[in-house]
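Common to both upcoming complexes is chain A, partnered first by chain B, then by chain C.
And then the complex of A and B:
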């Protein structure tokens, strides 16, 4: 294990490279890539690597990038791509196809606001757009976590009980371009961590078809199987964490990251890097004697419903932060989680939409606003409180 | 429910009929040119390992409904615009593993001329190891017969009820301009020439493009039994040039037309799609002549090569 100074984009690409090399004695690695800010550096890094039994195809669009991954995975290879924002929207049709064909493609997404009007800064709305389409989604908060999660996503997605694409998210610039010392395992360790890719439905020489027409009852069955496999991914992820600790001697962050929640009466709930800011605000509030905790959601799909409900139990005030907005409704995370809480006040705060800074003082304002509420209200923008 | 021996058995052997690419029970319309193409492909493929990549189009329906496979080769059905990208991935992995598998895209004109155009062009530019076959029925057959950029001017479609105004794209020129190792147009009515080209394209490496005029009785409003005859008329009249282009440079005309107006008139009159627009042979002739003048220059032959004997 050695430390390297890497941006999160490069860390994602390095994790993919190590995973790619680990499949050299299997069917190899093939990836389609296309640049878009703030994800570009990930594909550039990948394009500069020498990968035995690997090929990185520089295609003409994100749609084709995922197309190449689909072809590669359908031929039994390991596969990876990276994108953001409009690139993800352009890729969406093939993300659906990869999910529907149950192909274990891993993706790194540098979350960015969708345009036009053009805006290159962070917003979770791009990945959330694909929330319901059968891809695993994990959101990260720092470089090490991102590296570890991308690496582990291969093991998770390729697990025979799971077999579906996995998307690992990092907020654009805030995380994608942050350079930090990152522990990088040796190839030999990664080889031990990742079994050779096996895609049971892989095209071979027998004439079976992938992706044919289905009748409603067949689709219904396949959707339910996919749903069950997605639910199983929560348990499989715990197993992956076990293997991770055994081989690398470190912890892989779990599906949820609770921080000082046990005795808390108030919770700040968030995705991604805002969770780290929330932890600092929690520490300050604790110094003032306030019983505040933070719950960072890493895994959004599958959503660890029971574990979240346990964290919510007995809390009296819950602030749910959203760096996104489902227009005409409110925050997506709030929409997902509010029903799991019994607390008298569950309030949605829209924070950092379109890439605005979310600083500790914003979250202090959130805590003050939360304290003054007798009941839950409609979603509010933190800039307006 | 056996497949009929095609062209008196020239394009199919008994073995091909036992293990066809297009299996019995498929739901293609009677007289579909794509069915004939798949039969000829079976003959050409012989024992070469192949995989098919098919975007949304009529051929995706030919693949049958889960769990039955309508096609006798491993197949992946892709989104409408991504056949050449998916084939890129599959072919790349086959090469990385030292496998001989030929990855064949079988796509309609919509998936090639229109929505999948950038994907196909990019795969050609990268010279991916793919055999790309565009069966061109000059219409969006799958969705009930709307215009594509392969629909000829004068044809009525469900989205051009008054007849299409714009000209058909010259896909062969476009693909040749990519300087790919091989581009060829195939006449299903000329089995020997078609089989030769299919075999040649199967054995080559790099991006190979085959354009196939594919009769579609449903969209063309023509008699199912007349498909081959229509192709023959399109070739005889000069409307559908049958040629090959090597490396985007050397052009070879394979069948010399008669340029007969009678054949052209017959071609138009046998399809109801042309009937309400009053399109006549004389309307098409100037464009055909211009096109052939170009082809003569490109092929370096001012004098016709060989007249097709009937």
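And then the complex of A and C:
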């Protein structure tokens, strides 16, 4: 097994470091950081790196951390930060600003339950809070994928057809703190993969302001432009995957990760590491002769609507897992995807909220429950099946 | 920060035979022991064999001491299992205390268990027979090697040495891994564990441990929502794991340590704050025969040592003592002595009064022999009324006399009388004070108008003195200041005070010097009179300039008199140059004094000496303390015992743990400037002998006391305890040591240094 032993937090920071160095002949790199469990290791690692023409600024809050990133990106530099949970909530206002200003800041989010009551463990609710605000969102399931996705997020976010922040998510502790072998490319390879950062609206010698007040019609136009760029990101991501494979000689996971879905009649749909557990359960079910498949959603924004609809076509039973809950509604992923399915049973299962370990045993129960249903029901918690 | 290793090169070490893949390893430890890094180290070992690894921690909600699990998986191919390890092949337990918890859950027979414990595998009995059980005292090794802190020993790098031995892995592999983790210094500990680990193979009879009922795939119990799955039970005696424990202690406050009279200053100040002047007086009167007096004229070394001085100014202790004395009626009950003694006290000054008071309190019969017409000594005849009104002195005296102390005034004793008293009484305590005053010893001293200050003060007090013209006082002590201020009040045209050293070196109370200056006394420091001029009556004083020489034993610069002189015209010169030792004329011929006791022909007599005649310390408070000690010593000598120690002496002497300013957490206190004494308006003060200092307006100054080293039940410890295991108890607090993880936060936060951390392994620790 090749690769360096790295935690996913460190892998994210190393990807950011390589990307930062790759911009040394351009406008350099600048990052604002502030610690919060479970993303602290990421910013610590970044702070310890020597980056030519680069600066990591330790500030007094997440809000200011993103403020530094906004300033850096507005000045044409490459930028990156990491946070989690209530830190992301505190950063949110400036995340929206970075999005609205169309600045290609890359963020690593170690998904953690929002408090209070305080809880340091995994839950996707923090990132999902920013779902609708103009940031690309990609969810990862293992260390290599996390490293590859952070690196690629720079190319995606900085693409002139996209130009917006990109958030790369990993479940807190479950992934952020897991150490595993990770293949790290050379700087020379990364230099070839990432073009120099270019921000056309960059503040420079000609005085101008960013994000001034707009009239309704102008905002309407800008929103539609942002939306179009977001939709374009799906296609651009496919291009990025192509470049990735050319330069690094291996695959970057796509926007969706289907597993044994072709002939399946039953699907388990999920975000993040639960998808890997689902794949193990699929293998077990297949051994029993059950036609089960797994669809792991990596890219939530833009949502690859057509591709998902194609995966859903012809399936009779679909279980949608959510490590989150939109209170008063149900799982967020379920809310996003249910309308894309024609299946008679599309059932939402809440699993691992607040960081509980979602084991194969839970998903076996999901399958059994799903089999017994004639029609879709309200969301249920897997612990209560 | 570096990656934890690189498994691109495998270094030729292969997986030992008998180890099946995939391999799952679970580590149980407590926050702070390094359990997560332990799992990472193990992962790095396997990664160096070219295997795929995955390792992660499962943290508790507390930072220190909470149970922590960590997991490592090893396989030939990339690992996709994202779950915790429920059925480990190898189990490492870093803290034997965790065996109380279900750490064995899911561990199948034949599995390897490695325990950090001082016990041997055989000590663990039948329950573990089905396992391959190994033990090593990693805590002991790591502590010996200095890994971690005294409160939290980090055992991870040590126990991995034992693990490597069990698996038959070469130490060379450890060396590489420790280097990549940046802990090459821990290799020695790993080597020791590698040597010392004790291994017991799984029993052949295959007794199945009760915990190991393995779960078949797909049959694991998923707990219902009403009872969410718990990795550990709630009841965990986390306190068993700590190496240190906090406790409450009584350090000596610096004021108490500095008080020559042995007063429990923090005790009476806190009592004043909490319970009022009567309760405070009850504490003060245990050691203080003359609180009304000392509350006015004490130089208050306590205030010079007050820790609040380094924050916003010393607590005005002297005036608090005065406030208590002036606002309470308490008298201490007279005890009944087991064997009542008769004691003669020679001299009715502060030392004699203190000795008599302490003896009478203990139920003994005391007679004071005083040469002057009334009791009080220097207090009555040497301190002016504007500092110490006579009615104040009489109030303290009546409290002493009310205990049954007899006073025989107007009886000046000689050697013959002293011998007689020694024969008549069980014990005699001699407190006759200083002898004759020092002379100026310069030409012209005999001129009229040049005289000693003490008789002057005596006449002033008697109301039989008047002053006119220009007055010069020579000296720098309290008597000099008293002479100067008295002269001013009696109508002197001007008063100058000549002193040979600097103002800082003057022995007088600082406030008194300042008050004298305010009233109009002019200080002339670094001047030495070398001649008195005049025909028949003094007309001028010749003053030589004095330079600073090398420091003497007292730390003050030795005065060097120069040839440079000036003439100071004056009409009167008052000398306040201190007094000589005055014991000689009193002692019978064959008596010798040694260490405050009289001896005759090698025989110790029951005659003791106290106060200035014995020590020459020269303050009322020293005299009070010394008189008290002499009384205790005399009683003890009669009983053939060691003298009982004053509480203050015991604390200061035995522990030497006086609270320093650095031990007080100033951040817990609001700045609050010292309560100042009230004074008469200057014109009114100079017009007569009414008491100048009117003291404090109330007892609020007591609130400023830090109560150094003495718990005030302020709840800071309780509030800051992160585990919530400090409880209010009847007389302070109770710490639940079963659950105290020894973090030390309560001790660090205690505002007044009334707590300490103790190593549990040391005497006084709770283990």
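Quick note on the criterion: the second predicted complex is superposed on the first by the 383 of 385 C-alpha atoms of A that agree within 3 Å, B and C clash if a C-alpha of one lies under 4 Å from a C-alpha of the other, contacts with A are read in each partner's own complex, and residues count from 1 in each chain.
The criterion applied here is as follows: a contact is a pair of C-beta atoms (placed from the backbone, for glycine too) under 8 Å apart; a residue touches a chain by one contact, two chains touch by 3 or more.
None of these values were measured; they are calculated from a predicted model.
Superposition note: with chain A as the common reference, chain B and chain C can be accommodated side by side.
Applying the stated contact rule after C-alpha superposition, one finds that A:284 touches chain C and leaves chain B untouched. By the touch criterion defined above, A:364 lies against chain C but remains apart from chain B after alignment on the C-alpha atoms of chain A. Looking at the shared chain after the overlay, A:81 reaches neither chain B nor chain C. In the superposition on chain A, A:381 makes contact with chain C only, not with chain B.
Once chain A of one complex is fitted onto chain A of the other, the partner contacts of A:152 are absent, as it touches neither chain B nor chain C. Using the contact criterion defined above for the overlaid structures, shared-chain residue A:180 touches chain C, although it does not reach chain B. When both complexes are overlaid on chain A, the residue A:45 reaches chain C alone and has no touch with chain B.
Vertex at the C-alpha centre of chain A, arms toward the centres of chain B and chain C: the angle is 60 degrees, rounded to a multiple of 10.
Of all Cα pairs linking chain B with chain C in the superposition, the shortest spans 18 Å. No residue of chain A lies in contact with both chain B in one complex and chain C in the other. Residues 1, 3-8, 36, 40, 43-44, 47, 50-59, 61, 76-84, 86, 217-225, 228-229 of chain C are the ones touching chain A in the complex.
Here chain A touches chain C in the complex through residues 1-6, 10, 44-45, 48, 120, 141-142, 173-175, 177-181, 184, 273-274, 276-277, 279-280, 284, 356-362, 364-365, 381-385, going by the rule given at the top. Those residues of chain B that touch chain A in the complex are listed here as 49, 51, 53, 60-61, 63-66, 69-79, 81-82, 84-94, 96-97, 118-119, 121-122, 126. Every residue of chain A that touches chain B in the complex is listed here, in rising order: 27-28, 30, 32, 53-55, 57-61, 63-77, 79, 93-94, 97, 101, 203-215, 218.
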